[in-house]
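Two complexes come next, and they have one chain in common, chain A, joined by chain B in the first and chain C in the second.
What follows is the complex of A and B.
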């Protein structure tokens, strides 16, 4: 993208830069009127966009099909309207039904993809003997298998972690923490790349580096 | 069309076993069978957090996170529901101590449930007039909620922040902002990618299924307690399969793997 030459374009990139700096003033300094202005502007704009998107989605996904003769879409429209009974003190209970249908159907649909990838494939991969028997392959095989065993033991929720399972669950917790530590480092690197992206934008708008 | 599809038989048996176990333990639990959930320091710390807020005269901040902005997401929805269940408990304690609780969410379809839960909590404490619906703050997205949270934390300086639900990138920002103001922080999420941040920034953190178990222990709902017990039995079966499979793999036997692939 080249540096804009028209007034609207220049105004756009400078507005973005100023708002970005207003938001950054929070971690770099403290809560201040500039941050508050950017905060309220952002929340208001996001709400406006959400309202427009919701209207457009409702029109496209429900109203247009109904007007086109697809009567079945009346059902979700009715369920949607039922949510608004939350504002009535006498009929608030009506709003529970669409939520129950929403949650129940979603969980039912979600269940079909759980057992094979999340349980069986994981077990199979854990107990499949490595093709190569060099030290690292064997170490990984044993580490993953025992690590999985101890980590799953940690998540036995109806047994107190004492007696025979005290040390295995404690080891499981340590192994989980090692895994989460690796995750942490990975995400921190990703966040740093996001920060460098913002720094790059700052330098581009100030024309220190090319856009 | 074949009724029995190769590669799905074991999965089907697993599903049936799960359902049977859930049914058995739900029935037992309803008939008065005791299902005890192990102690979670994070849950035990909730009264301390509310007490701290009461002593300081400051509010409590509570959020169930972004959770894909819907309770119909099969991964995130249950976390939000668990978070709302714990919210009911926290609201009760807050109502009892006269502490104001502010709930932040971008999940529009959870609002009726949240309002009902909080209203009931105040009602059960005999203070229905203290319930303020404006303490439920809805935002139209993840980032707006996060930005509002940052401002709220600096302006209101809550004594305790409780994060229970499906959190995404907001976890670390909220946790860090709460740390800056010295709030006591308790969290729980089943989103693996955000657990490290909660562990690093919060005083107490629950990871993964601990969130669901905590909500079951608090609600003492026999159905949920029964499913937790059933899940534990399935975990023991999985542990046995991994243990046996690991040992016999050294002999070159692939019998168990073939069985699981059936």
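What follows is the complex of A and C.
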């Protein structure tokens, strides 16, 4: 992507930069009218894009086939309209039928693929001896096996955590905290990455680095 | 006296830290540090998986990451597509994000080899699909029931790339670029029932969630945000945005670690003295 040379392109990148700075004025300075303007503009635009995409998708996937004689697509259109009864206190019950179908089909579809990758394969992988016998592979094998056991024991809420299960459950809690720490660390990594993208964009628009 | 210093350090205005962070993030872009990036197994497996695609085989790239995740996902996508173009694979793009088209256009503009490839024959962008997991399941069974035309409005049956492609079995592998859990849908609806190999090109935040799937062999590869992108760029042999970004991220992490250590030292120094 090269630095734009046409007026529209230049206006586009400078508008994006100004809006970005308006948004960042909140954490870098304080809440102000420029931040609120950029925030509202962003929400409005995002909503508009979502609405247009939804209408286009409905037209493409349901209305056009019905107009072409594929009458079966009338059913999802009717179910879709029934959703809007959620806004009526008297007829809210009508919206429960499409929601029930939606939830039921999603659970049904999800369930057929959950057992193998999320349960069976994970159990097999946890208890399978590693192919490599180097130190890190063995450490990971023992750590994951014991970690799974102790973390599950922590959720034995029908027994008081004392006696024989006192230390395993305490260790399980520590392991869960380490796991959550790793999740949080990755979240920080993601946020920094997003911020670095914006820092790079700022330098590119100012022509300090090439675009 | 020392207690006063620690107290003052703990009361630094957070805006000062944000400013310092923003400036630190910018420095490596102006003067790259060139910190080394080692290749992890999951990225190497992803690269080898893409390398194994033969000429004419069809690869689906699911874009479920928006513009906000470009810093994380775009470099990996660009590097992967460069390899797929080298392999002369046929690429089908589609998206579950309303701004997915911008990501598709960014990929095409950043991969010069697309100039030698023909739209509609070698690659195609089919557009947006709704319905989340239901939509993904339907795509596995019958692509034409979800997409009747590409994003330009060309009927799908007139696209040469789609002539013998209509279901999961016709696809060699799926690369899913996510900021959420859409890769789970492909695991459940493409990988498990049809055995289509799936790889994840995700943001760092979801890396930990997909690591067990990679370790268990459910995913054939996994790219961890910018880090994964930098690794792929190194494997492809064309250093790009992710490699530079990694310098910036590493610098910012040093600041974060410094702040955490300082805050804890301050806490320990002032504990019980208030």
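What we mean here is this: the second predicted complex is superposed on the first by the 190 of 211 C-alpha atoms of A that agree within 3 Å, B and C clash if a C-alpha of one lies under 4 Å from a C-alpha of the other, contacts with A are read in each partner's own complex, and residues count from 1 in each chain.
By our rule, a contact is a pair of C-beta atoms (placed from the backbone, for glycine too) under 8 Å apart; a residue touches a chain by one contact, two chains touch by 3 or more.
Worth saying up front: this structure is predicted, and the values here are computed from it rather than measured.
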item	value
Side-by-side fit of chain B and chain C on chain A, or clash	fit
First (chain B), second (chain C), both or neither touched by A:49	both
Touching partner for A:16 - first (chain B), second (chain C), both, neither	neither
From chain A, separation angle of chain B and chain C (C-alpha centres, steps of 10 degrees)	150
Contacts of A:57 with chain B and chain C, given as first, second, both or neither	second
Which superposed partner A:195 touches (first chain B, second chain C, both, neither)	second
Which of chain B and chain C A:124 touches, first, second, both or neither	both
Touching partner for A:209 - first (chain B), second (chain C), both, neither	second
Which superposed partner A:29 touches (first chain B, second chain C, both, neither)	second
First (chain B), second (chain C), both or neither touched by A:178	neither
Partner chain in contact with A:116 - chain B first, chain C second, else both or neither	both
After superposition on chain A, the shortest CA separation from chain B to chain C (Å)	5
Chain C-contacting residues of chain A that also contact chain B	30, 49-50, 105-106, 109-110, 116, 124, 183, 187
Chain B residues touching chain A - in the complex, by the definition given at the top	7-8, 10-11, 14-15, 18, 35-39, 70-75, 77-78, 81, 109-113, 115-116, 139-141, 143-144, 147-148, 150-151, 154-155, 172, 192-193, 195-197, 199-200, 207-210, 213, 228-229, 231-232, 235-236, 238-239, 241-243, 245-246, 249-250, 252, 256-257, 260-261
Complex interface listing, chain A residues touching chain C	1, 24, 27-30, 49-50, 53-54, 56-57, 60-61, 64-65, 105-106, 109-110, 112-114, 116-117, 121-122, 124-125, 179, 182-183, 186-190, 192-200, 202-203, 208-209
Residues of chain A touching chain B in the complex	23, 26, 30-31, 35-36, 38-39, 42-43, 46-47, 49-51, 83, 86, 92, 95-96, 98-99, 102-103, 105-107, 109-111, 115-116, 119-120, 123-124, 126-129, 145-146, 148-149, 152-153, 155-161, 176-177, 180-181, 183-184, 187, 191
Complex contact set, residues of chain C against chain A	14-15, 18-19, 21-22, 25-26, 29-30, 68-72, 98-99, 106, 109-110, 128-130, 132-134, 137, 146, 148-149, 187-189, 191-193, 203-208, 212-213, 215-218, 224-227, 241, 244-245, 248-249, 252-253, 256
